[in-house]
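Some notes on the structure that comes next.
Naming follows writing order (A, B, C and D), and every chain is counted from residue 1.
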Amino acid sequence: MPRLRYSEPGDHIESRAPVTVSRYRGITRLNHWVTATSLILLLLSGLALFHPSLFFLTGIFGGGQVTRWIHPIIGIVLFFSFLLLFLQLWRLNLPRPEDRTWVANIGEVVKGHEEKLPELGKYNAGQKFVFWAMSVLIVVLIVSGVMIWEEYFPALVSIPLRRIAVLVHSLAAVAIILVFILHVYAAIWTRGTISAMTRGTVTGGWAWRHHRKWLREIAGRDRKGPAE
Amino acid sequence: MSDTAPQPTTAAANPPVQPIAPGFDARDVVRISATSNVPQPERQLTKLAKLIDVSKCIGCKACQSACIEWNDTMPAVEENVGVYENPHDLTPDMFTLMRFAEWENPATNELEWLIRKDGCMHCEDPGCLKACPAPGAIVQYSNGIVDFIHENCIGCGYCIKGCPFDIPRISRVDHTAYKCTLCSDRVAVGQGPACAKACPTEAIVFGTKEDMVAHAETRIEDLKSRGYENAGIYDPEGVGGTHVIYVLHHADKPSIYNDLPDNPRISPIVEGWKGVTKTAGLAVMGLAAIGATLHGLFARANQVEPEDEVEAERLVETEAPQPQPREDV
Amino acid sequence: MTNSWTDIKNTDLVVVMGGNAAEAHPCGFKWVTEAKAARGAKLIVVDPRYTRTASVSDYYAPIRPGSDIAFLMGVIRWCIENDKVQWDYVRHFTNAAFLVKDEFGWADGLFTGYDEERRDYDKDSWDYKIGEDGFAEIDPTLQDPRCVWNLLKAHVDPYTPEFVENVCGTPKDRFLTICEMIGECSTPTKTMTSMYALGWTQHSKGAQNIRGMAMLQLILGNIGVRGGGMNALRGHSNIQGLTDIGLMSNLIPGYLNIPTESEPDWQSYMSSRRFAPLRPGQTSYWQNYEKFMVSFMKAMWGDAATAQNDWAYHYLPKLDVPAYDGMRMFELMNHGQVNLYFCQGFNPLLAFPDRAKLTEAFSKLKMLVVMDPLKTETSHFWQNHGIYNDVDPASIQTEVLELPTTCFAEDEGALVNSGRWLQWHWPGATPPGEAKHDTWIMAQIWTRVRQLYQDEGGVFPDPILNLSWDYADPGDPKAEELAREMNGRALETVRDPDDPTRVIAEPGQQLSGFGELRDDGSTMAGCWIYTGSWTEDGNMMARRDNNDPDDTGAYLNWAFSWPANRRILYNRASADLQGRPWDPSRKLLEWNGERWEGYDVPDIPPTSRPEDVGPFIMNPEGSSRLFSRGMMRDGPFPAHMEPFESPMANVFNPKMRGNPVARVFAADAERFATSEEFPLVATSYRLTEHFHYWTKHNPVNAALQPEFFVEISEELAAEKGIAKGGRVRIWGKRGQVWAKAVVTKRIRPLTCDGKTVHVVGIPLHWGFMGSARKGWGPNSLTPFVGDANVETPEFKAFLVNIEPASEEPVA
Amino acid sequence: MNIDLSRRGFLRLAGAGVAATSLGAMGFGEAEAAEAAHVRAFKLATTTETRNTCPYCSVACGVIMYSRGDVKAGETAELIHIEGDVDHPTNRGTLCPKGAALKDFVKAPLRLTQPRHRAAGASDFQPITWDEALDKIARALKDDRDANMVQVNENGVPVNRWTTTGFLAASATTNETAWLTYKTVRSMGIVGFDNQARV
């Protein structure tokens, strides 16, 4: 059969009337939510140590000492959890030519006139940006984070380097929080999206409207029958 | 309560054994970590200083010994690694350390054994306090003492990154930061720090900063008369001056004294991190969050139209698989 | 110390040679920094190592261990040659003018009368010419070629700066700079002080090292003046006291002597001790010897000591050898001639030389009794500690009793500091467990022995049964009772000899000074030099008035200083022949026309006229001695002698090894190394972080200086391939040790006799007990030979070799 | 990371956390320090002072011992601190690295607390009572003295010397101990008598 270009092997038509399309397997969803949870906890504990006005957030974790202790540990969890996610998703997040047109007409996207845009595969450029931004920032955060992990790596690098690391860590943190906001916002604003990560399915209409190439590919594949 | 606390000097008298109220406390705090606009106290304590006259120091380590005894710490028995420094570095149990440097004076070709007592400098502008994220973990009293309040310390180690002199150390036991307190508990009852009290040659003296600077001048005079033209005082401006000051025979090159910083200052990186990054970062994140919320509320959401569903069904029912677009090949 | 710690602030120049005051006596050294800061005084350090004292000195010069006499004679030569002499002082207060017998001479490194067989001198020729009047002949003009001054000139003549450079390895220019700094102190208004310690005493000619400096100080007029003197920095807190009280083989309290076999009775004993004056009108204070001796015998045996029985003279043991000192006892022990040995707060296994020999000796005892606050190496000598104490317990048949004693914090009494201050202290802590006071232990032992003699009889029980022991609780005498006994009291009414109607003390009253002691049995005093320490007015040692009129540093009302609360010995010498202070700005005593007055207790009778009585009242001459007559076994002048283990031969006499009259036991002679087998010169010393072998038990000091190390030069390290902090093996003729290497610029190779001489510094604070890491003391390496006069072991100059060693095998 | 500690940290800091949270809730203001600034309580308050002198070198610095309990009042006294005596003319309150740590010498881990006896060939010490120990010593002394006392030399001169038993006296005991030791040793005729003056 022809190589799949716009979908994962697991993606398939769940039901035909009304059409529902399976977008994420259970394991992927679990993986996503573990990552999401750790990111949120990191965000809260990190912000607590980032700005005095947010120090009260340490209360959530049971105080500054515990916050200080737990933040890097959650960081490790996030890193590996995201690594798994990355291995599952990176292929379809590779840039495609239609992404350029999509980005060029981002205005239409915001207005909601997708009919004016080329058909897309499983991810649009925005989603791909979030994916790659997360990937890069998480690497930056884990590396700089270990450098300033007083408890287990007190003298891993020189103090001047640690100073740079802590600055980079906080800048990267700000960036990843912005990306996070974008991700969450887009998911909410584009109605019908959340179910992809909750139930794992989207409506045919949603797929037709936002990821038509993806829908065509699995539709075509299913026509031939999944047996192949 | 009088409006001035007792004026401590080095071992002016033996320590009191009757209970006595501390000469200064929370009301005299001028700076608090992770806390802006601290209300300034009504009274201003006299600025204090510990003077370390390196030219009088015999490197006997009495200061280390007295420090251990007064603070009831017990540094580990390490090994000899070919030097006189023991412990090998400052530790959470060793707040002060004699550092030894064998220096051949190029001007005279004489060997000089430069011995410097290392420890917290009690900066007027403390980098540790600036870097600290925990409210109240580091405070500065109006007499200049920079003290760690361990109950508030979270052990993050930011103070280490903030300090221009590499002084604070994090305890592996209670995970809080330790350093010289300038014996705030002794000073509070009118005693000098334990190290100053012990110092056999009185190379370490303690009193008001004014007196200490004046005393330093007389020492510098004596040193100049003995041929040390560059004798001088070390009270670095970069950190707004310090409350632990040195008399150096070679004040023109502090770094020969085991890397005493020539021009110490809080690292610009730390300034940037704790300054613009902190504020701007918070602002940007705040705006983004708010912006998104507003847009979500007021802008029209991207809805899936009924005809989209129809199209989808038609596709699933009828449409043949698309030919592979060429550009993908 | 002739002066006191606090007096050092009055000096203009401090010479630290044969010591390391900043490290070994930091709080005493404070007064040096005080003199520097307040008076602009200068500090000179002469030492094989650039020490922590040197780090604050104004001038430093290196010297080869064991060559101090050459250096000092060189300085004296330079002073004489450059007229840096305080002439009035030398003329009137020294024996410079005395004429010496014509037979006396010096050649080939030896003085007249040497007997190689006996390793001893016949000292007859080492004395003054005595005139018909029975007094010594003098030539006040110093013209007579036989006068001491001219003999001294001749004696020091070979010690040129070149000679010094060649023998000591001290660069000539440095030596000369020091000569000039010292020479400045020959004016009456400038004084120099000498601070020395074991760096001078622990040589086979230690006493002569010290004489060398003492002579220089006399030539400069610095003895008896404020800021001057010969200041021996005693090692332990009460070693001064234990010596004063005569806890030595040949001593009786107050520097009286245990009789020898050649003195079968009281008369023969006294005859050689009541020295008659050698010059008209002189005091010759030892004429009072009998008063002190009788008072001592009465203190010991009370009513059993009577004029009829020569004050129980035979209760005292009589010596057949000069002394049964520690080293002789270990020699005897090693020959199986000692059965029972006591160590009271003393750790000889690390403190005496040649540890292998000591271990062997201890193993031949029947019983060893150790009284100590701590678990010492000595009490564990039989226990195997791997390479650190490699013995087989099963093969050691010595019974050991280890008795826990209290320490300073828990007991009461007086200690005598280096400045001869007797200071009382009080207990502030409860003894741990079953620890007991030493007084209780000694009393318990003695009373039990007495009981055995009472019950069973035995050999010559009289001195035991008659020993006076009238304490409230015989089993536990109190410090106060003992202190009062040492001070002494009247047994019968004591009257003023000049005015018999005047009663000085009623029976039972405490005496207020040794002038009140009598030789008729009417007084008793355990230690005459302490008389005045506990008078009818109470405990003078507990006085705490720290007022110091005119800041002289005397502190006359702080504690009690022997003798007679005098703070500076020979203080009359601080004023000229007319009694005017040499330096008005540093007045100590002054003759006001009728009497001596000033800041100290005069050491001559307060009314004796300055022109009549010389300041050195203990000497029959009334003056001090540049020429010491027969007082010392190895010569009336200090002459250069090499250490027994030396990298070079004696330049005066290549055949002469070490000190020609030092006692050497046969077996030990075999165990001296030559520089062919062991090319490196080693010297032992203390570090400021530790006290002897005690503080390694203290976790704090153990943390400050945790592990045994040796110090070597960068040059030697490079030559041997030794890395900084690396482990090395140091071995000598008598043993081997392993240590960490501290490679330093502070030790530099010296050039002596055209050869490069490397010095290895070996600090002495480690052993196999305590909190610090296990290690060794230098005594595993040092030779079993001592000073010819007082048997202080030669710890400061011996030969070793060194090599890199692999890390310690994990046991 | 010591979990147990973090647990305790958690408990100790939880209160602070809550406080901070509520504070934050009210107007998003800056969190305040959970614990107000304070200096440590002065540890010598209500201790008993005793004047003493340092037992190490011959400078004989004045020290003040601070203890809980008063020996002079017959109480058990626990030493908690030692510091230089400012009134003392020589050291004026200063102390060297040894003197400054005297308290931990008095409390050294290897302080002896009971008499012990090591039998011939034994591999370790065994506890022994004071009475047993002292009787053993007295008996050994008498037996050796009676067996080896030299009363007269070959010329018939009375010498009364005993060379087979020796005594090394201390260097830091009091004069009073020294005098009592002198009397004991000399009255028995022991000549192998020395102290630590030279080493």
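Assume a contact is a pair of C-beta atoms (placed from the backbone, for glycine too) under 8 Å apart; a residue touches a chain by one contact, two chains touch by 3 or more.
What you are looking at is a predicted structure, and each value in this text was computed from that prediction instead of being measured.
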Query: Which chain's mean C-alpha position is the greatest distance from subunit B's?
result: C
- line: By Cα-centroid distance to the whole-protein Cα centroid, the innermost chain is D
Message: Nearest whole angstrom, what separates the Cα centre of subunit B from the Cα centre of subunit C?
response: 50
- line: Between subunit B and subunit D, the Cα-mean centres are separated in Å by 37
Field: subunit C and subunit D: spacing of chain centres that average the CA atoms, whole Å
entry: 27
Message: Measuring centre to centre with CA averages, how many angstrom lie between subunit A and subunit C?
response: 84
- line: The positions of subunit A in contact with two or more other chains are 52-55, 58, 63-65, 69, 151
Message: Residues touching two or more other chains, restricted to subunit B: which are they?
response: 34-36, 60-62, 64-65, 68-69, 135, 152, 175, 200, 202
Two or more partner chains touched - positions in subunit C: 26-27, 30, 688-689, 699-701, 704, 771
- prompt: Which of the residues in subunit C come into contact with subunit B in the complex?
  reply: 22-23, 26-27, 29-30, 33, 36-37, 40, 50, 52-56, 58, 60, 688-689, 699-709, 723-726, 740-746, 771-773
Field: Complex contacts: residues of subunit B adjacent to subunit C
entry: 55-62, 64-65, 68-69, 74-84, 86-87, 94, 102, 104, 110-113, 115, 200-203, 219, 222, 225-226
Message: Please output the residues of subunit B touching subunit A within their complex, sorted ascending.
response: 34-36, 133-135, 152-158, 160-161, 166, 170, 175, 267, 269-270, 272-273, 277-278, 281-282, 284-285, 288-289, 292, 295-296, 299-306, 308-313, 315-317, 319-322, 324, 327-328
Statement: Touching subunit B in the complex, subunit A uses residues 2, 5, 13, 16-19, 48-55, 58, 63-65, 67-69, 96-97, 110, 112, 148, 150-151, 154, 159-160, 162-164, 166-167, 170-171, 173-174, 177-178, 181-182, 184-185, 188-192, 203-209, 213, 215-217, 219-224
Statement: subunit B residues touching subunit D in their complex are 11-20, 22, 24-26, 29, 32, 34-36, 60-62, 64-66, 68-70, 135-137, 139, 141, 147, 149, 151-152, 173-175, 181, 184-189, 194, 197-200, 202
